[in-house]
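Multiple structures are listed underneath, in structure tokens.
Both complexes shown next keep chain A, but they swap its partner, so chain B is in the first and chain C is in the second.
Entry: the complex of A and B
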């Protein structure tokens, strides 16, 4: 129970912590106050609790594949929001385009970040709530489950904190490239997970397995779980999953490049000056 | 703005948590493996014990086991077994440890062959119970690491806060300083790392105070110096108005007053230009000997009027310098020599390369020696101060504003040189020696 709890909570916490760390670094560079994180964590936790409490009802939707479909929908929403966020970050990059309407763009970027983290925590938090809720009622499992969850959450959050400070220490030229790479991996991970869920729900057909690395890195090993959280590792990815993974990464990178090509209208820059920002 | 305290607390706590928890996980895995070995050894001992018991004793002591099972086989015949197993062998009769599934559980099995009695003993333990027992023991060891994190966090917060307290005190002192408070910062028993910072801040405050004081004095002195010729001019204008017949004499006095004021303003301008913040560095190679010739030629008339003998000796001496500033330097030194040397006195100017002695940089010196009134060695430290005029009868009678030598020293410093003052080789008088870094020809 202990190890299962560690692995499950670590995987979910690390995924969320990685996303939050990278977004916090971006918000720091775009001079957005970090209070949005508290708002999104609060909203996300509430969402997770509500989602977990109604899981029985949700599961009955869409011919009893509601959980998979809704989770896949959340994953796609996260991917879509990531794309929009990256586009917005790229258009309003203060290092490249200093005459940007800071207040308007930052408000939109902040809303995007809140929604992203809120959705991610809702999905990942609900899984933790369901798991802990399921085992906590058995007294002999309570202690190992809580201890394992604590250790998993501690490792995930600590890794997130260190990633955040590590990224802050990187020079401005490199931090955008590293953060963008991490966000694109998160995007690829989301697309791949969504496709897997839809396949499990029979909404997508099974496709051929591209390779099997379960002998080298089993999915249920600690390293397997860590790699899953960081780069969306699958030991036996299907063709659809792998394509979705590459598609997710490409989407984020294309949105970034697209944003760099869009010029900020000079009137917006003037507005910014007039508003005193 | 990033808080150092928050950064230190969060980063240290995150690092400790990460490595402690990873170590706890590693410890959990290792302990579980050790517990597995321990349970296997225990199973082996139990198996040997069963093997040594007489079949009649089995029924009394081992029949009603729940978390354990055993079978004793002899030539495919079941001699004895616990009540929780079927009549079939639990597992294949190959000696060693293994796993089997029965009664809805997974079991750890041991097949043991007793050669003396020609019997097979199979023993089995429920893996979930073994695991649960081991895990409960290990969790007891892991829990303090988990529960200790808030305490560690509190301790880190306390230690970091204590460590940064002097920095906070320093910051508070600086923040609470009044605009005109230039007293030094004082921290009781400062840390070694902060000592240097406090020393630097205090030095800065001291220099700032001195500079402010100097500026105040300068403004007052400049105002005073400007007021004196203006007052004289006003009196002379008044005289001219009241007595138009004194035209020629008053005109000459007025002209002298205006010239004096012009000189003062020019000196003020030179002083301003020779301050490091305003100095426009336009260094070119300059032959100091040739420059001395030119300046002497310009000022020759002043020396002739007083029938002074002026000698220039030396050789071509190249330095890297600003032409305008060096001209001002020479004009001021020669003007002083001219003013403070009586009629028929002697002034010697020499410019030459100094033989290389201490290092590779060649030196060039400019020496101006006069047979004038001289300066008391006790006053040497005063003469470079602004508006400083020595309290001597002859000095007071000579026109001047007391800025010349201040400007000279500024210019020397801007050229990285040094200036020295000493008595002259004449019975009375002063020698000014200026030393510059020369240029290799």
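Entry: the complex of A and C
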């Protein structure tokens, strides 16, 4: 029970930790105060609790596949928000376009980040709440489960801190490229997981399995779990899942490139002129 | 005349596709397999399904606690609340054995799907 809860909570925590630490790096470079993280963790935990309490009801929607449909919806929303965030980060990149209207653009970036983390925690956290909620009533399980969950969460948070300081240590030229790559992997992961859920719900048809790497890297191995949490590793991905993964990655990168093409300093300057800045 | 036909083509295609899809779903009724969860055990532990066929698993959790159906081999994961039912679609699959387990109580909740040639 102890080890099981470590793995279960760690896996969920790692996904959120990766997203939060990358977003924190961006917010540092864009001079956004990191308070937004606390707001989003608070809102996300509340969302997770509400989702967990209503899971039984939600699961019965759409002929007993409501859980898949709602989770897929959350994942597509995360992908969409990541796209919007990357677009606004790219438009207002302080390294390239130092004249942009920082306060105005940063508010939008912060709202995107809060919503992203809030949705991610709602999704990941609900499963943890349901798990702990069930086990806590059984005295023999309660203690090892709570201890294991605490350790799992601790390792997850430590990994997040490591990623954060690791990224801060990288030179300015490289930090954007690395952070952007990580965000695009999160985007690909979301799209792939959403497609898998919709296939499980029979909302999407079956598509052929592209490869089987379960002999090389089993999904239930330590590396398998780690890779699943960080890049959405699947040992037997289907054609649709893999296409969605590539689509998700491309979407984030296209939004970034799109933002670079939009010449904001001139419009912002015009805006500033009009408002009397 | 040709332009008219070109304009109508999408409509004809949609109608044709709807007929094909409707008949497909009407004819191919998905087999349903029922599994119970009781005292953190899957009952039955082994289920047999035909190869290359999509199957609907109807899982009835009789325990008051939630369980998570999980299978790396089947690529499936779903929380099933206490005293509730859940549906999971699997397949079509090639013949073989596909273990599954309850992620919340993995010590006892173990089972497998055996896919056999029809």
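We adopt the following convention: the second predicted complex is superposed on the first by the 267 of 277 C-alpha atoms of A that agree within 3 Å, B and C clash if a C-alpha of one lies under 4 Å from a C-alpha of the other, contacts with A are read in each partner's own complex, and residues count from 1 in each chain.
We take it that contacts are C-beta pairs under 8 Å (C-beta built on N, C-alpha and C of every residue); 3 or more make two chains touch, one makes a residue touch a chain.
Keep in mind the model is a prediction, meaning the values are calculated, not measured.
Colleague: Using the superposition on chain A, tell me whether chain B and chain C clash or fit.
Modeller: Chain B and chain C fit side by side in the superposed model.
Colleague: If you stack the two complexes on chain A, which partner ends up touching A:8: first (chain B), second (chain C), both, or neither?
Modeller: The second partner, chain C, only.
Colleague: Considering only the touch criterion stated at the top, classify A:82 as touching first (chain B), second (chain C), both, or neither.
Modeller: neither
Colleague: Does the superposition put A:198 against chain B (first), chain C (second), both, or neither?
Modeller: neither
Colleague: If you stack the two complexes on chain A, which partner ends up touching A:128: first (chain B), second (chain C), both, or neither?
Modeller: Neither partner.
Colleague: Using the superposition on chain A described above, determine whether A:165 touches chain B (first), chain C (second), both, or neither.
Modeller: In the superposition, A:165 touches chain B alone.
Colleague: Once chain A of both complexes is superposed, is A:114 in touch with chain B (first), chain C (second), both, or neither?
Modeller: Neither partner.
Colleague: For the overlaid complexes, name the partner, chain B or chain C, with more touching residues on chain A.
Modeller: Of chain B and chain C, more residues of chain A lie in contact with C.
Colleague: Touching A:155, do we find chain B (first), chain C (second), both, or neither?
Modeller: After superposing on A, A:155 lies in contact with chain B but is clear of chain C.
Colleague: Please provide the least distance in Å between a C-alpha atom of chain B and a C-alpha atom of chain C in the combined superposition.
Modeller: 6
Colleague: I'd like to check the shared interface: which positions of chain A are touched by both chain B and chain C across the two complexes?
Modeller: 1
Colleague: Can you list the chain A residues touching chain C in their complex?
Modeller: Within the complex, chain A touches chain C at residues 1, 4, 8, 55-56, 59-60, 63-65, 67-68, 127, 130-131, 133-135, 137-138, 196, 199-202, 206, 214, 218-220, 234-236, 238.
Colleague: Note which residues of chain B are touching chain A in the complex, please.
Modeller: The contact residues of chain B facing chain A are 7, 10-11, 13-15, 17-18, 21-22, 24-25, 28-29, 132, 135-136, 138-139, 142-143, 146, 149.
Colleague: Across the complex, what residues on chain A touch chain B?
Modeller: Answer in residue numbers: 1-3, 6, 140, 143-144, 147, 150-151, 154-155, 157-159, 161-162, 165, 222.
Colleague: Within the complex, which stretch of chain C touches chain A?
Modeller: It comes out as residues 30, 54, 56, 58, 65-68, 72-73, 75-76, 78-82, 84-89, 91-92, 103-104, 106-107.
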